[in-house]
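To start, the structure itself, in structure tokens.
Should a chain be cited, it is by its letter among A, B, C, D and E, assigned in written order, with residues numbered from 1 in that chain.
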Amino acid sequence: MNAIIVSAILGVVMMFSGIFTKHKSTITLTAIAALFILLGANLLNSYGIFSIQVNTHELLYFNKLGLYFNTILIAATLIFVLLSGKEIENVGINTAEYYALIFFVLCGTTILTSFNGLLMLFLGIEIMSIPLYILTGAEKRNLKSNEASLKYFLMGAFSTGIMLMGIALLYGATGSFALSGQSVLPPSVGIPGASFLQAGGLILLFVSMCFKVSAAPFHFWTPDVYDGAPTVFTSFMATIVKAAGFFAFIKVFDANAALLGPSWKILLSIVIIATLFVGNITAVFQRSIKRMLAYSSIAQAGFMLFALYSYNDMAYQGILLYTVAYCLATIGFFAVLMKVKDYTFDGLNGLAAASPALAFAGTVFLLSLAGIPLTAGFFAKYYMLASVVKAGGALWIVIAAVLFAAVSVYYYFKVIQSMYFKEGQPELNEISTGFKVGVLLLAAVIITIGVLPSIVLNWLYF
Amino acid sequence: MIALLLLLIPLATGLICFGLKQGNAAKHFSLLASVATLILALVAVYTPTAIGYDTAWLSDLGSRFTLKMDGMGKMLCLLTAVVYPLIFTAVYRNEYKNASAFFGLMLLTQAGLMGVFLATDALLFYFFWELALIPVYFLCSLWGGEKRIAVTFKFFIYTFIGSLLMLVGLLYMYFQTADHSFSINSLYAVKLDAAHQSLLFWLFFVAFAIKMPIFPFHTWQPDAYEQSPTATTMVMSGVMVKMGIFAVIRWLIPMFPLATVQFSNTVIILSVIGMVYASLIAIRQDDIKRLIAYSSIAHIGLMSAAIFTNNSSALNGVMIQMFNHGINVIGLWIVADMIEKQLGTRKLSELGGLAQKAPAMAILLVMMALANIALPLTNAFVGEFLMFNGLFSYNIWIAAVAGISIILAAVYTLNMVQKIIYGNLSARTENAIDLPLNVKFALVIIALLVIVFGVFPQPMIELTKDSVTALFVKK
Amino acid sequence: MSTIQILFFFLSTLAVFSSIMVLVSKNPVHSILWLITVFFAISGHYILLNAQFLAIVNLIVYAGAIMVLFLFVIMLMNLNAATEPRKNWWMKLTGVVSGGCFLMVLVSLVRQATEITGKNVLMKTGDIGLIKNLGKTLFSDFVVPFEISSVLFLSAMVGAVVIGKKD
Amino acid sequence: MPIQYYIYFCLTLFTIGIIGVLTRRNAIIVFICVELMLNAVNLLLVAFSKMHHGAALAANPTTTVGIEAQLFVFFIMVVAAAEVSVGLAIIVMMYRNTHSVDINFLNRLKN
Amino acid sequence: MSKIVFLVPLFPLLGFLVNGLGRKHLSKSAVGIIGSGMIFLSLLASSYLFGMVLFHSSPIADGKPLESVVTLFNFIKTDAFTIPFEFQVDQLSILFLLIITGIGFLIHLYSTAYMKEEEPQHYARYFAYLNLFIFSMLLLVMGGNYIIMFIGWEGVGLCSYLLIGYWFKNGDYNYAAKKAFIMNRIGDLGFLLAVFWILYRLGTVSYSQVFTHIHQLSAADITAITTLLFIGAMGKSAQIPLYTWLPDAMAGPTPVSALIHAATMVTAGIYMIARSNILYTMAPATQTLVAIVGLATAIFAATIALKQNDIKKVLAYSTVSQLGYMFLALGVGAYTGAVFHVMTHAFFKALLFLGAGSVIHAMHHEQDIRKMGNLKKYMPITHITFLLACLAIAGIPPFSGFFSKDEILVGAFAKNPLYYFIGVGGALMTTFYMFRLYTLTFLGNFRGSKEQEHHLHESPSAMTFPLIVLAILSVVGGFIGIPEVFAADKHWLEHFLSPIFAESAKLSETHHLSHSQEYIMMGVVTTLIVGVIIFTVNHFKKFSAADSGEATGFGKILANKWYIDEIYDKAIVNPLNAFAGLLKNVIEKTGIDGAVNGVGKLVAYGSRQLRLVQSGQVASYLLIMILAMVVFFIVWFNDITITKLVEKLF
């Protein structure tokens, strides 16, 4: 409960911070401080030292996993703000409001990590989404930003509608909004598993969740929105928000997946393969790195979906590890990218010569995204694949996945190529020493996790 | 402990190299480092007992940091350790922009190679497999020829796909093991039915086949060899291709005996086709580097064929040939590099008459060439003899077809020799000079190795006997 | 045929008809007016179901507030003329067809749903729809989401300001 | 009144909303159609709540089964209101820049 | 004994190393002394061994000398088999040792003078190669198993390659060298396969074991092995079809031709077959093959030799044809005869080459005999020795050639009279072209240019001395093998070699033909030969530069060597090249690599197409979503087909 309340309050605080100071940097500092507080609050909660007790009537419940995941998300946000605070200030004049919205989003993600029942799921997703519509449109004079925001909004609302219909059908079948996973059919009835109404509801729910985590064929909003949104918020959306969405997705179907019976795996395989296919293949021919990353984030989602394919311990460890690896790498790389004025591949030509630190860090992030061994990304993918193999059967889907991973190497390494092997003079924004140190530290963290993933996982079982 | 050092010295020195400011320091430093490694490797080789190192690593993944040196490991480590000082000596006078990075990456590659040859934990092995690849990617892309980026990229992705497939196979095997561990013994202990074995066999084999490379997975190789900086090419063709063969012997065959029996015919036929095919293409090559590349494909083809003949003496042959081929091909590369550096061309048609200008080079080149066509009393003969013998006992006709490549080898190698050093001087060669001292030194060392191991192959055979017998006990 | 059924069918047909009109009418203003009728029809349904609170809220919030907001916006942009260029028939057709497929699938789903066969909806009676009970539950069991939805409004407000205000 | 009637009715409304979203180009109308979908869901929820309530009522005259659905509808309305405010703001911003609310006009971002 | 055995090959090796490494520093004379001195030492060593063998072997019943095999170390030792680095010194090898070192020494001596013009460095290179060759040749004949023999086998091939291409500036010479090496390589493959076969069946390659365990081999095995071995011999000893390299090999310096391409290397094949005689005796089919190939080669090469005008080419073809005779002998089981002919042939053919060399030397590298003549006036010694050699090769009694050739022909007759008559025809041709050569070179009137004539002179003593020695040998060399028609068991050579061929002798019944028959045959043949000689000499005496026109008709075909080289090019070389080109340019590029790149291109294409799906239209996005949902539902009712679905509706 701590995180929800604190984030809400801090959101309000940030909102008002704009009144008291006109210095954007001060606002950023406030935000950083606030994030530290939030992180502290959540940690206190997760270690059970101090937590605000509220009777939520089983609408929310806080378990280690959720709190831990939430901690990851908040920490990621902290890193995000530390690295990209400058860019947030550059988006527009309403810096304070942007931070406020970010905190409201965090409130939403917290709900998504602790919801217990479809009502809170619905509220959490909305609380998370509505600020994002605005952040996407934050560059008011930029038509792309407007367009992205409107598209995001319309399609988001539509998917909400789908989700609600799903919830309604589920309610009709079961008479409750709990994530029961109980079949309403009496055992006497022939087919075990979900009744038709229930199944329809679950499928609609599944579709809307796929939409939220941008899994094909419900991913279409992602490239446009990520491309149009201010880059700094793209990095926020592509990482923290998406991860939260995934956690919710997994949580919803943890109990209910079984109800759909064998066809559940079929549906999921379709979605996984489609996602990997679309994400990787389309990313190959992008000219803008930003858009390429949008597609690659779709591809990464494809890998994360394996956690749903195989609900086992490795899947949960994997999704945690994946979230960490993916968030860190993506945030880091976006931070590097934002130092470059031109987001096309040629824009990065000769970056290695211009700023070795940036180029090196960027390379590490990309290697991690590509899942090269001895980076965090490798173990993330490794756990996902391993969980599937462990769950048994379906070696073909794993093989397909690794082939697509090979494709992903293609476009990630194209960036490395332009940074290292191509001649050019990239025009850069001014780069502070602190920033360099920051990205290098982040790279170091990624490599450390890559060598000893257990340090992340062991924390899970404190 | 020695095993660990063999791994750590190149790794540490490589990382230090990046730090060094001016290139010359890096050059000398890396030379020293490689020599140190060589000494260590010699110590390891002359240690009679098996050397190993073992410590906990990814315990919750069932993987330990386990290094072990059997005969084959010792020999390949020795190869890696011998090759590097030679290369560094040979390229001593070459100027590399940003040299410290160059030598750093080279040493990192060495570390990776050592790791591959030492690791007896599958996951560890996989890591080193990749670690050896990445620096090479950067080396080739940064210091290579004009088409380097595309070519290297193809090479990288090609091999990467292979290793990913291998990873899937490893995962599957891991969950089959009784104690959920990646340790080589647990993996050996797994008994799968034929159907699963054949699937997994191919998952692994493709990875190794691409690395070796054997027909038809070879097309990345000539381009990569042609475009890479020669120092890197030497590492690739001298040592890296052995990774594939090594992996087949160390991992593939013991893990999937049934599938090995089932598919040995396919593999052998592929390899033999590759031998003749590559030799024929080599005949028509005008580019020295490509010619050497294709001849290397032919030689590797023979090795991979010999492995699958299920014949112990053939395996002995493979063992020593892994070392000898590494030595010889590096000799050829050094000469090719000299020619390119001096005369600015790799076209045979533009060369000629170097025997008049550079007698020392001519003599050494002829020796390398003779080793390349496996003349008796050169080191290559013994290996090829044993391997052909094994192939013969497997199937006479296959052996006969493969034998054609012996003739073809003579054709293209002598072609090369004739066009380079004999005949009249060409416009490019008339102001050629003889080898510089460092290159001459490296080549003479190689020539001595060629003769010594050609006359006394026995120690090499003895060194690797245990691996051979181990394999045949296992099967 | 009881009055309830008559009312039900009347309201349903009204709702469906007017919602179709929402689609087909060129003039946005008309669409909105038709939508308002839809809302009235639905409120009527609520009343039939004896969900008085929702009926009222529906009228106030939707028909009252939201639709007026829409109207304002449209007036503001003076789109009241039929400005929308004709969408190509192909797109329309595919839209309708796929929508039809969707409906068909769901309907067939419902037809097979055994668990609701023979279940009836309690009309007119039942007091859960009354403000008293709803309020009690809302402020006891559902207080947390109620409070949390304030965050939603906050962010909506902030957003509206950030987006809406000129700069 | 059998529940199926309500379900068919609501699904019809819902589908009409979907079709509207698919076929109309005016952003506002599209948005309206989304609202239509939400209303369909609302009605369906209420119908279900009454269904369950009715079923439970037989056993226990003072039961409040099904009330949570009506509250859910309440929350949907809340969210809808919030969405409308944001959505209209976005549309207005869009209109300011492009003087159009045609969603086909939105194709700077593609491929 | 063992110590000495190692010395024999050691000396030439030393010579090679010293001359090779010190070629920049040593003076010519030093080089010459080292080069020939080393060979002389090893000649001494081998003659010592000869003595020992002679002494030891005679008293022992089975004739095997004590410890004829000495092992140096284990060359290859695997679990499956062991191949020791061993030498076997018995009657056969010691005989060859003597021939090699003896003639080798003479030719080294000769070379010191012949190669005088070369600059020191290359002079040293020449002697280094020569020593290396002797070393390899010794390895070949001393080797105690097929592998060591193979080492020498390849070694001599290498040396001949190096020496043919000795004047490396000349492209044609290099080409000839390469051709020689590759053609040998083809034979070597056969040899290797045979070795593998033996190893595969018997698990050893040492002669001692192979020949004792031979009964373990099936007849098919033996036939295959012997055939493969014979293919090896074809390459090395220039038999049809692999003979074409030998005439081209004349590109090398003349002493080299004398040593390698007449006396020693080319007889390796004969040595090898004689060594494994037991195998051949047990494979009659192969024997017939050997005989036929040998005979064919003998005749074929002789015909070509008839019309050659290059002095060395004539000799080259005569060598080929003489080798053919030797194989004929082997084929008919007259192993002793073969070895005998090897020896005598070594004498007179070496002599002929050296004589030719001395002529060429005098004529300033003019090799066309049509431009020579009347040289007897200027170079008497050369002339006399050359004449003796011609008589020897023609087989006039009592010159050495007579005895050896006669023995072969008798053996052939015993096997099959047809062989005999064809063989005689060959002999007559031999006589013809040899005396054509002789006459055109030494008799008649000089047809060369003036200043050539002016420079004509007898060669220095270093060159004439070997000529004289060889001349003596080729005159008297025959007396070690007197057929018993003249004197009962005076055939010393047969006795000496009997232990080697003992096994074969047991297996093959040798029905001797009556003495009267033999006398008649000899008489007829000899008179015929004499007739031919007289005719030839008279005919070519009056030869003048005028009628040195191009040959026509059949003569043209002969002059062009039956166009064999051209046919080989058309039939084998060009198609192979074309095929290789096809592989390189089509299969590799567009085929395999094309497939690999094709995958990449496919991905790129897919990418370009998929981007279009992202149309930017919200409606289309949602449309796809809806359709996908419908699909999902249908997947979920996987038991319900669409049709069922429809009928459920109504």
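Convention: a residue touches a chain if its C-beta (ideal position, glycine included) is under 8 Å from a C-beta of that chain, and two chains touch if they have at least 3 such contacts.
Being a predicted model, the structure only gives us computed values, none of them experimental.
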Item to complete: Average the CA atoms of each chain to get its centre, and name the chain whose centre is farthest from that of chain D.
Response: E
Response to the item:
centroid check, CA-based, most central chain -> B
Discussion item. When I count C-beta pairs in contact, which pair ends up with more: B-E or A-C?
Written reply: B-E
Item to complete: Compare the CA centroid of chain C with every other chain's and tell me the farthest one.
Response: E
Fill in: Cα-centroid distance, chain C relative to chain D, in whole angstrom
5
Discussion item. What's the distance between the Cα centroids of chain A and chain B, rounded to whole Å?
Written reply: 43
Worksheet entry | Chain centre separation in whole Å, for chain D relative to chain A (CA means) | 27
Practice prompt. Could you please state the distance in Å, as a whole number, between where the Cα atoms of chain D are centred and where those of chain E are centred?
Written response: 98
Fill in: Residues of chain B engaged with two or more neighbouring chains
none
Fill in: Touching two or more other chains - residues of chain D
3, 7, 17-18, 21-23, 25, 30, 49, 51, 55, 65-66, 68, 75, 79, 82-83, 86, 90-91, 93, 103-104, 106, 108-110
Discussion item. For chain C, give me the residues that contact two or more of the other chains.
Written reply: 91, 94-95, 98-99, 102, 106-107, 109-110, 112, 116, 141-142, 145, 149, 152, 155-156, 159, 163
Practice prompt. Using the contact rule from the top, write out all pairs of chains that touch.
Written response: A-B, A-C, A-D, A-E, B-E, C-D, C-E, D-E
Worksheet item: Which residues of chain C touch chain A in the complex?
Response: 106, 109-110, 112-116, 140-142, 144-145, 148-152, 154-156, 158-159, 161-163, 167
Worksheet item: In their shared complex, at which residues does chain E touch chain B?
Response: 73-81, 121, 147, 150-151, 154-155, 158, 161, 165, 168-169, 171, 174-175, 178, 181-182, 185-186, 188-189, 192-193, 196-197, 199-200, 576-577, 579-581, 583-584, 587-588, 592-593, 596-597, 600
Item to complete: Flag every residue of chain A that touches chain E in the complex, lowest number first.
Response: 151, 154-155, 158, 162, 199-200, 203-204, 206-207, 211, 217-218, 220-221, 223-224, 260, 263, 266-267, 270, 278, 281-286, 407, 410
Discussion item. Quick check: in the complex, which residue numbers of chain D touch chain A?
Written reply: 3, 7, 10, 14, 17, 21, 27, 30-31, 34, 37-38, 40-41, 44-45, 48-49, 51-52, 55, 65-66, 68-69, 72, 75-76, 79, 82-83, 86-87, 90-91, 93-94, 97-98, 103, 106, 108-110
Worksheet, complete the sentence: In the complex, chain A touches chain D at residues 119, 122-123, 126, 130, 133-134, 137, 140-141, 143-144, 146-151, 153-154, 157-158, 160-161, 164-165, 167-169, 171-172, 175-177, 223-224, 227-228
